[in-house]
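The following blocks contain the structures, represented as structure tokens.
Shared chain: subunit A. Partners: subunit B in the first complex, subunit C in the second.
== the complex of A and B ==
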């Protein structure tokens, strides 16, 4: 790679990577106690082990992983259903597809605010239930936000992620689905068999990279969690923020460890995706 | 679609209705709350429905209008810089071959995949040392980090299928590099440039952690104000701010879709 064009390409890659390398490098140095608030100046893994063994950190990490997995799974399943049911060329199908992708440019913060106003104990649903005589007041409404299971956050994230995953599902069906499905039908497979043994496997394989992207985004997302998540357990992104702005300088250094944990989760999700993809038999040429 | 799995005649209208309710209800509630004078339980429309929070926009008072301008400034700045910088970076990446190309694409993917909060925690010190903390320029540059990842990947895709023969031909005919760039390449890439601008704008428009940590509370776009209004329990203002956060991206995407439907395809 010694040509001028090759060198320019490598320079471009270096420019794009530099801010991440600087950010991660500083976080690593901070986690080792070399820089940042409360730094001892001597490299040590003590803080890293201490922070990672805290029950608040373990619970907050597991909690955000649960929310990320549940919202990705629900949005993925819904998107597959929408893509299959509305794959036709009629007006109704077009309208349905447009509705499904409409929230695509809506920021996650807005989805969370809307979730709070709709699902909160004095929110829109609670008011409807009150008007219908189903509850006596806000306390009669089940807690769907700030709740330990994260139901409100999951619903808001599903609302926000369905458009992206649906768009991918429409694209996968439009480019990959048809030939294999027609072959299966031609070989005598029933509609149900085609759906479960051809269409849905094609869809979920095609949607896997997008689903991994959604999972990693949700696991590291701050803006939706800060509005809808409970304070116990405090999700990892909020815990990172809390430590970073803590009044006690000693605790601020913990945020570097937590930031690296967030980066590790994103990296592991990408690696897991690559491993799964490598193990899947290729569909290329299967219909030839 | 005959013979292929799809929705039945009964299922599809029901699904479209359910989708309409699912998609539009939260946005409808945002609008309703934004027009209320105070959204106290159990009223569905809230007290004194009217312009309320929105009147501060018309009067130019309060924090809503300055926040909107700040958001627009950050979005336009980030979108323009991300489009204009992403183009040469994406082009340079597309010149790589084999394993180098994979590596280049992975490098562009890094700032996209890294959680913004984790990135912000690591980068805040660097921005403060450079004197960029609490400034619009600093926040724009911080937003540019993920935005540039997106636009570089976007232009990597564009240049993977871009026919460079026309540039070679112009060079053979005696055109200088700047003439080729100004009269051939840029006009041909008008549409991808506009799309990259929208992409960069949207990344900045929705950005929260980088804004909070680099902006240090002194740069206050709509996202930051909406967060503070939610925390303060000022539902009508939070809803108005949130509704304002929805409008420009929807308009931009609608305008782009409308313009490009009418435009001829210039890049294969």
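== the complex of A and C ==
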């Protein structure tokens, strides 16, 4: 039974990973100049070294990592706060939890456009400020979109990711919180100690896989960045696309190098998560 | 040994399972609806009598890969062209997304996978035609045998040479447009009409001008290049490095001179012309731009731009170019594609898309080759209020130069002006 299950598992995993394996293989061949538009047909690592040493690539990568880290952290902290505040069994708590996850089905593209319409220099806030006499035109409004710090993009992403992370946080607290908290209280811990030494550690550990998913998604996503990100530095996902459709056929192979760079970032985030989890002492074991 | 055998068996099974998995991966990689059963290609069809081409195409489906970003263009194709090819030839025309660089990339991958083509007809020009020809991804020659090809303005360099490339029958002309700035006649009643005047206007109105990073923006840079570096004549006759370097330095110097008075002090540029239209419509900047001089009128009709939006043709000359349809190397139905291309060239199809309320796309036909009745109809449509008179367009039209100018200027602008090369 086990070996049949094992074989089925391998087959299922192979089918699931086949597109990724094929895609990565093709991207590697493209980065080496063997396939794809403008390919020379002769394997070479020259393009890889050249592209990875470009300041545009380094800056675009660091910029999207900053946005991904900031938006994940802010959305994570906000979600933990929401989960703790709304963990009761009352009607209002239930309503609050429902409202917190309501934006979950909103596509990222829609969130980005909403961010533009609200935060742009001719957006909702700018129009309010103009009506109130605080600014005398669009240029008087602080630049919150296409801005070098990515404030507009981070705000839109935080708004979009809070529902997902909140949903995870509700689940973590609901399934793993009560027993440990009761034990801590039974051992004489104050409410503050229970919050900071039991509840929040349970939450952030339980939310860590979801946070990694959010981080890697944001670091690789195109649709929100193309609406709200600046043109310098150009975020890695936009740079990848720009090279893929470059007017010059010879530059299009750069996109394979950049796509693999994005994949490496995602893989490193997952590996880092596994390492951190492996090193964390078990909360359950700590009090036994 | 017996123990070993027992242990070996699952390993062999696992190996078979892995082999099966690899086969699945291989099958996925090949995506293999075999590419060998190819129909007669367009070049062979071009040798046949036209009636024979029509007979082969009747009752078939034609997939047209094209830019689907403009509702007006989509409506024209879906609601005017498609019903007519269905009525006349029983052809089911299906327009799908796919343009420019994406199209070239898709065809390269289809060739590598030996896959049956996903499209019969494509909408192309300029750099895309250059890259498709370079990679040998187009069928031809075929365009010269279309019955309506006899009506094309064959004396026009703009129509018969695509960015200085000879067509050689590998693409059929479809439309002709002129680059234009767009201004609001209420907000800017006296717009600048030359590149010099535009520079002064930018200096006097800080934060009110920018250009996009995409195709229209790079065309604007080429307009500046012609105007500031000695005219288009200096760049004609194929790509020449010295001429390019001089032209590039001239246009980038112009940008650098005025950039700190651009929108957001030139630290950021709108991604595409749609974003630029939005900034213009919302009053963040006073100019937008388009590769089609009639877009001011058509977008105003759609409510995207203010009703007072008008096209502005710079007197230093503005780039005019044509766009075409081609047949990919692996098109399953080249005969059907040829019929659609022929219909697109017919006077009635050209007239319909010229209407500002339909699309506003210029004709590639030589009106002198049409009957007096058709000439009258075209004259009536060209006189639409808000559009630029034909004689003005003709006087200031400048042809595209070799595609390498576009490619290099785009790259150098990104590296030296925008950042993020």
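Here is the rule we use: the second predicted complex is superposed on the first by the 278 of 288 C-alpha atoms of A that agree within 3 Å, B and C clash if a C-alpha of one lies under 4 Å from a C-alpha of the other, contacts with A are read in each partner's own complex, and residues count from 1 in each chain.
One rule holds for everything that comes next: a residue touches a chain if its C-beta (ideal position, glycine included) is under 8 Å from a C-beta of that chain, and two chains touch if they have at least 3 such contacts.
All values derive from a computational prediction rather than experimental measurement.
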After the match on subunit A, would you call subunit B and subunit C a fit or a clash? clash
Check the residue A:54 against both partner chains and state whether it touches subunit B (first), subunit C (second), both, or neither. second
So in the superposed three-chain picture, is A:22 touching just subunit B, just subunit C, both, or none of them (first/second/both/neither)? both
Going by the contact rule set out at the top, does A:266 touch subunit B (first), subunit C (second), both, or neither? first
Check the residue A:64 against both partner chains and state whether it touches subunit B (first), subunit C (second), both, or neither. neither
Given the touch rule stated above, what does A:207 touch, subunit B (first), subunit C (second), both, or neither? neither
Per the contact definition in the header, classify A:249: touching subunit B only (first), subunit C only (second), both, or neither. second
Once chain A of both complexes is superposed, is A:11 in touch with subunit B (first), subunit C (second), both, or neither? both
One more residue to check, A:233. First (subunit B), second (subunit C), both or neither? second
On the A-aligned overlay, A:80 touches which partner chain: subunit B = first, subunit C = second, or both, or neither? neither
Between subunit B and subunit C, which makes contact with more of the residues in subunit A? B
Looking at subunit C, which part out of 56-64, 74-82, 92-100 or 254-262 clashes with subunit B after superposition? 92-100
Set intersection of subunit A contacts, subunit C complex versus subunit B complex: 6, 10-11, 14-15, 19, 22, 35-36, 122, 137-138, 226, 244
As the complex stands, subunit A meets subunit C at residues 3, 6-7, 10-11, 14-15, 18-19, 21-22, 35-37, 54, 56, 59-60, 120-122, 137-139, 143, 146, 148, 226, 230-234, 238-239, 244-249, 251-252
Complex contacts: residues of subunit A adjacent to subunit B: 1, 5-6, 8-17, 19-20, 22-27, 30, 35-36, 82, 84-89, 92-93, 95-96, 99-100, 102-111, 113-118, 122-124, 126-128, 130-131, 137-138, 159, 177-178, 181-182, 185, 191, 194-195, 199, 213, 216-217, 219-223, 226-227, 237, 240-241, 244, 255-256, 258-260, 262-263, 266-267, 270
Show me the residue ranges of subunit B that touch subunit A in the complex, using the header's touch definition. 1, 3-7, 11-13, 15-16, 19-20, 22-27, 29-30, 33, 39, 41-44, 88-90, 92-97, 100-101, 103-104, 107-108, 110-111, 113-123, 125-126, 145, 148-149, 152, 202, 205-206, 208-209, 213, 223, 226-227, 230, 235, 238-239, 242, 245-246, 249-250, 252-253
Looking at the complex, which residues from subunit C come into contact with subunit A? 10, 13-14, 17-18, 20-22, 24-25, 28-29, 100-102, 104-105, 108-109, 112, 127, 131, 134-135, 207, 213, 218, 264, 267-269, 271, 279, 282-284, 403, 406-408, 410-411, 415, 418-421
